[in-house]
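Below are structures written as C-alpha cells.
Shared between the two complexes below is subunit A, which pairs with subunit B and subunit C, respectively.
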Partner chain A sequence: MDYFVQILVSGFTFSAMYALAAVGLVLVWGAFNMLNMGHGIIMTLGAYFALMWAELFGFPLVLAAPFAMLCGGIIGAIVYFISAHWMIKQRDFETTIIIATFGLGMAMEAGLLKLLRELFHTSPYAQPLSMGADSFLVATVPVSYQRIIIWGSALFLILLLGLFLRGTKFGRAIRAVAQDRDAARLMGVQVRNVYITVLALASALAGVSGIMLSSFKEIHPLMGGALMLKAFIVIVLAGLGNLTGSLYAALLIGMVEATVKVLIADKYGFTAILILVILALIWKPAGIFGRSTVARQ
Partner chain B sequence: MKYRDFIIFGVLIAIAIAYPWLNPPRYLLATALILYCYATVVSQWNLVFGLAGIFSLAQVAIFAFGAYSTALLGRYLEWNLWYAFPVAGVGGILLSILIGLACLRLRGIYVALLTLAVSQMLFVLIQTDSVCSPLNQVKDPRNCIAFTGGSQGLGEFGSFGWRAVLGGRDWMIGDYYSMLTLLVIGLIVTYLITKSRMGLAFRALRDNEELARSRGISQYKYQLLVFALSAFLTSVAGGFYAAHFGAVGINLFGFPLLLFLISMLVVGGIGRLWGPILGAALLMMADEVFKEVSDWRNIGLGVVVLLFMIFLPEGLAGGIEKVSKLVLRVYRGGRTA
Partner chain C sequence: MSDALLSIQGVFAGYEGQSVLNDISFDVPEGSLITLLGPNGHGKTTVLRCISGLVKPTKGLIQFDGKRIDGLDAERIVARGVVMIPQGDMLFPEMSVYDNLRMGAYLKHANAAFEQKVEEIYTLLPRLKERTSQMARTLSGGERRMLAIGRGLLSGGRILMLDEPSLGLAPIVIDQIYEIIIDLKAQGRTILLVEENASRIIDLAERIHLVDTGTIVWDGGGKELQSNPQVLETYLGG
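After this line comes the complex of A and B, so read on.
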C-alpha cells in the first residue's frame, strides 16, 4: 500500500512535468515539423527566470511563474527568428532544423554556464518557488504541498491550453495549420504568426516545467537536458503530432518511471522507459496513438 | 570519385606519412593523431547520414562503446589490446544492429530522437554505476571503483604497446601510424561501399524512391547493412582512442563531444566525399588556434553549426563545388562568346 501511494505520488509529478514539456513539442511539430533541440535549455532558463524574479528583484513570489512563462515565450520567439525563419524553405528542413537548434541550444547552455561562472557562482541554487518539505500523510506516505501545487498547475495550464486551442480564433488557426498548412494559408491564416505563437507557447510551458523540476531538486545549468530527452520519448511513444496522445503517453511514462524508481532503483528509470518505448515502437511503428499515415519503410 | 580525387587522396596520404620525419613538436603529432581518429568517426558518420540517409546521433555513443569495451577487455581480462579492437568492433556491430532493428523502420526524425536517447541511456548507466566491483577490490582495496569506473572513468588497461617496440621517445610515432592506418582503411571502405551495390541502391532510392522500391530494392535492408558496417570502424576508432590515451571517461558519451563531431560533419559538408576530412582538419585547427579562449568553445561551435545549417547546409565541400562550377561556367561562357 505504501509503495502504491509512493508510486502514484511521484508518478503524477513526473507525468505533470513531462506533459507540459511534451505538449509544447507536439504543438511545434504539428505546426511546421520543427523539433526544437533547444527545448531543454529553455526549461533551465525558466527556472532561472523565476529565481531572478524572486532573488534579484525581490518581487512577490506569486508572479514569478508568470514572469518565467513570459520570458520563456519571448525566448521561443527569438529562437524562431534566429533559426527556423531562415530555414523553413530548405528541402530537408526536418533534419537541418534539428542540427541547427542543437547547435543553438548548446551555445545557449554554454553561454549560461559562462555567465553564471563569471557573474555569480556555479554551485546550484535552491528554487525560491519551492515550498520545502511541508507535507501531509496519506497512509504513512508524506505528500508535500509542493506536489499538489505541481499537479494543480499542470492540470490548469493544460486545460487552459485546450480552451485556447478549441475556443479562440487563434487556436483554430493553429489547428488549421497543423491539419493542412497550404489550405490554411489559402484561407487567409497568417501562417508565420502561427509558427511564432506555437514556439512561444511551447517555450512558456517548458519554462514552467523547468520550475517544477527545480522545485524539488535544485537549479542547475545542465538540468534541462534529461527532461527534454524524456519529453522526446513521450512524443515518440505517442506518435508525433498527436496532442491528446502525448498526454496519455506522459502519464504512462511517468508512472512506469516512478514504478521502476520506487521498486527497483533510481538509476534504472530512464533505461526502463527507453526499453518500453523501443518495444512499443517495434510493435506499432507509428506510435501507440499514431495514425497509420506515417511513412513506413 | 574522379581521377582528380585519387590524386588529392594520394598527395594527402604522402604528406601524412612523411609528417613524423619532419620532427614536428610532440603535441602537434598528438593533435594530428587525434584528428585522424575523429576523421575516421566522422567519415563513417558521413556514410551513415550522407549516403544512407540515416539520421543517427548514436555514432558518438558507438565510438564511446568501442573505447569502453576495449578498456574493459584490457583491464579485466588482461588482453593485448590488439585482440580487443576487433572484439570491440564486433560489439559495435551488435549494438548498432540492435539500435537499427528498433528504429530503422521509422521515419528519419524518430531515428534521431531514439539514437540520442540510447546514447543518453548508456551515459546514465555508466555515470550512476557506483557499486564497488569485486574485480577492482582485488586490484586496489583502498580505492575501489565500479566495474565501468562510473563517473571517475577507467584506466590501467594497457596501450598499443609501441613503447616496448620503439622506446620511450618514439612511441607516439607508433600511435600516429596506427591511427593513420585506421583512417586510410576507413576511407577505402567508404569508397568501396559508395561504389558497391549498396551505394547504387541508395542512389536509386534517392533519385526515384517508388521505382527503386518496385524493382525490389529494400531501403531497410541496405540501411541496416551500412549502419552495421560503419559501426565496426567507429567502434574500433573508439578502441584506438582509448589505447592512445590510456584512459576512458564518461565525457565520451557527453553532448560536447557530439557537438564537436557534428560540427566537423556540418562544416565539411554532409554527404560529400571530402567533407569529413575537411571539417575535421578545420575544426581541429580552430580548436588549437582558439585554445586561449576555450571558455567560448561550445558557444562558438554551437553558433558555427547554426550558421552553417542556415546559410550553407551543404558545407564547405558543397560550397567549393558550387563556386568552382560557377567559375567554370563563366570561364567557358566567356571563351565561346
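After this line comes the complex of A and C, so read on.
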C-alpha cells in the first residue's frame, strides 16, 4: 500500500511536468511541423523568470508563475521571428528548423549563463515558488502541498488549453491548420498568426513545467535539457501531432518512471523509459496513437 | 485591361523547375459559368491553385475586380472574395460537419452571418444537416463533396471555383452535385468550373476553355464544341 501511494504521488508529479512540456511541442509540431530544440532552455528560463520576479523585483509570489508564462510566451514569439519565419517556405524546413533552434537554444543558454553571473553571482538558486516540505499523510506516505499545487495547475492549464482549442474561433483555426494547412488558408486563416500563437502558448506552458521542476531541486541553467528530452520521448511515444495521445503518454511515462524509481532504484528510471519507448516503437512505429503510415506531403 | 470579374493574362507556373502552365489567358465575367475542360495532368488544377494563391505564378497577371491578386497569400485572396472548392475536398477530417462549416465562415464578414447562412446551406444540402455532429472523416464520398461545397459557399465569395466536383463519385451522386451547381448558376453566382468530362458541362457553361499541356488550345460555347468533332477527338479522345 505504501509503495502504491508513493508511486502514484511521484508518478502524477512527473506526468504533470511531462504533459505540460509535451503539449506545447505537439501543438507546434501539429501546426507547422516544427520541432523546437530551444524548448528546454525556455523551460529553464521560466524558472528564472519566476526567480527574477520574486527575488530581484520583490513582487508578490502568487503572480510569479503568470509572469513567467507571459515572458515565456514572448520568448516563443521571438524564437519564431528569429528562426521559423525565415525558413518556413524553404524545402526541408522540418530538418533545418531542428538545427536552427538547436543553435538558438545554445545561444540562449550561453546568454543566460552570462547574464546570471552578472545578476546573481551564485548558482544554483532555490525556486522561490517552492513550498518546501510541508505535507500531509496518505496512509503513511507524506504528500507535500507542493505536489497538490503542481497537479492542480497542470490539470487546470491543460483543461484551459482544451477549452481554447475546442470552444473558440481561433482555437478551431489552430486545429484546422494542424489538420490541413492549405485548406485552412483557403478559409482565410492567417497561418502566420497561428504559428506565432502556438509557439507562444507552447513556450508559456514550458515555463510552467520549468518552475515545477525547479521547485523540487534548484534552479540551474542546464536543468531544462533532461525535461525536454523526456517531453520529446512522450510525443514520439504518442505519435507526433496527437494532443490527447500525448497526455496519455505523459501519464504512462510518468508512472513507469515512478514505479521503477520507487521499486527498483532511482537511477534506473530513465533507462526504463527508454526501454519502454523502444519496445513501443518496435510494436507501433508511428507511435501508440499515431496513424499507421507516417505521411509526408 | 478587361472588365471581367476575374482575368487571367499570360500566366506561367510550375513546380520545382517543371513548367505546368505556359501562357494561360482567359476571363470570367461576372455572373457567368466558365469551364476549363481538358484531360488530367494538363494544368487545370494548377490554374485554380494559382488564382487562389496556393501556387505563385512565375509570370503573368491575375486580376480580380480590377486589382492584381497574383503574388498575394492564399488567405488574403479568399478575403477579397475568391473562393476555391479544392480537388479532393480538403476537409478537416477530425472536425465535425458543423465545425467544418464554421471554418468556411471564418472570415469576419462571413462569420457575422453564420447562424442564418448555415440554415440556408442545410436547406440546400439536407444530408449535411443529418450528419451535423459527425466527424468529417466518417462521411461518404458524396457527403464529403457536399460538405466541401457547403463550406465554400459559407465563405461568401464573389466567385466560386470548383475543381472537378464530379471526381471519384458514382453517376447518381454526380447528378446531385450538378443539380447544386445548376442551382448556384440560377442564383446568378459567378462560377469557374474545372471538369474532365465534356458531357456534363456542354449545356451548362457559357464558355468552355480547352486546356492542353498548360495552355488554352480552343475556346467557345458548348454548341460550338459539339459541332466540332475534330476538337473533341484531338483533345478529349472523342
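Heads up, the rule we're going with is that the second predicted complex is superposed on the first by the 290 of 297 C-alpha atoms of A that agree within 3 Å, B and C clash if a C-alpha of one lies under 4 Å from a C-alpha of the other, contacts with A are read in each partner's own complex, and residues count from 1 in each chain.
Just so it is clear, contacts are C-beta pairs under 8 Å (C-beta built on N, C-alpha and C of every residue); 3 or more make two chains touch, one makes a residue touch a chain.
Just so it is clear, the structure is predicted and the values come from calculations on it, not from any experiment.
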| item | value |
| --- | --- |
| When subunit B and subunit C are modelled together on subunit A, clash or fit | fit |
| Partner chain(s) touched by A:Ile88 [first = subunit B, second = subunit C, both, neither] | neither |
| First (subunit B), second (subunit C), both or neither touched by A:Leu8 | neither |
| Partner chain in contact with A:Ala184 - subunit B first, subunit C second, else both or neither | second |
| Partner, of subunit C and subunit B, that touches more residues belonging to subunit A | B |
| First, second, both or neither for A:Arg175, with subunit B first and subunit C second | second |
| Which of subunit B and subunit C A:Lys267 touches, first, second, both or neither | first |
| Which of subunit B and subunit C A:Met52 touches, first, second, both or neither | neither |
| Angle, in degrees and to the nearest 10, that opens at subunit A between the C-alpha centres of subunit B and subunit C | 90 |
| Overlay on chain A, subunit C to subunit B nearest C-alpha distance, Å | 13 |
| Those residues of subunit A which subunit B touches in one complex and subunit C touches in the other | none |
| Touching residues (chain side subunit C, partner subunit A) in the complex | 52-54, 73-75, 78-79, 83-84, 86, 90-95, 99, 102-104, 106-107, 111, 151, 155 |
| Contact set on subunit A toward subunit B in their complex | 35, 82-83, 86-87, 90, 92, 94-111, 114, 225-226, 229, 232-233, 236, 240, 266-267, 270-271, 274, 277-278, 281-282, 285, 294-297 |
| Footprint of subunit A on subunit B - complex, ascending | 55, 101-110, 112-114, 116-118, 120-121, 124-125, 128, 219-220, 255-256, 259, 262-263, 266, 295-306, 309-311, 313 |
| Interface residues, subunit A side, partner subunit C - complex | 169, 172-173, 175-176, 179-180, 182-191 |
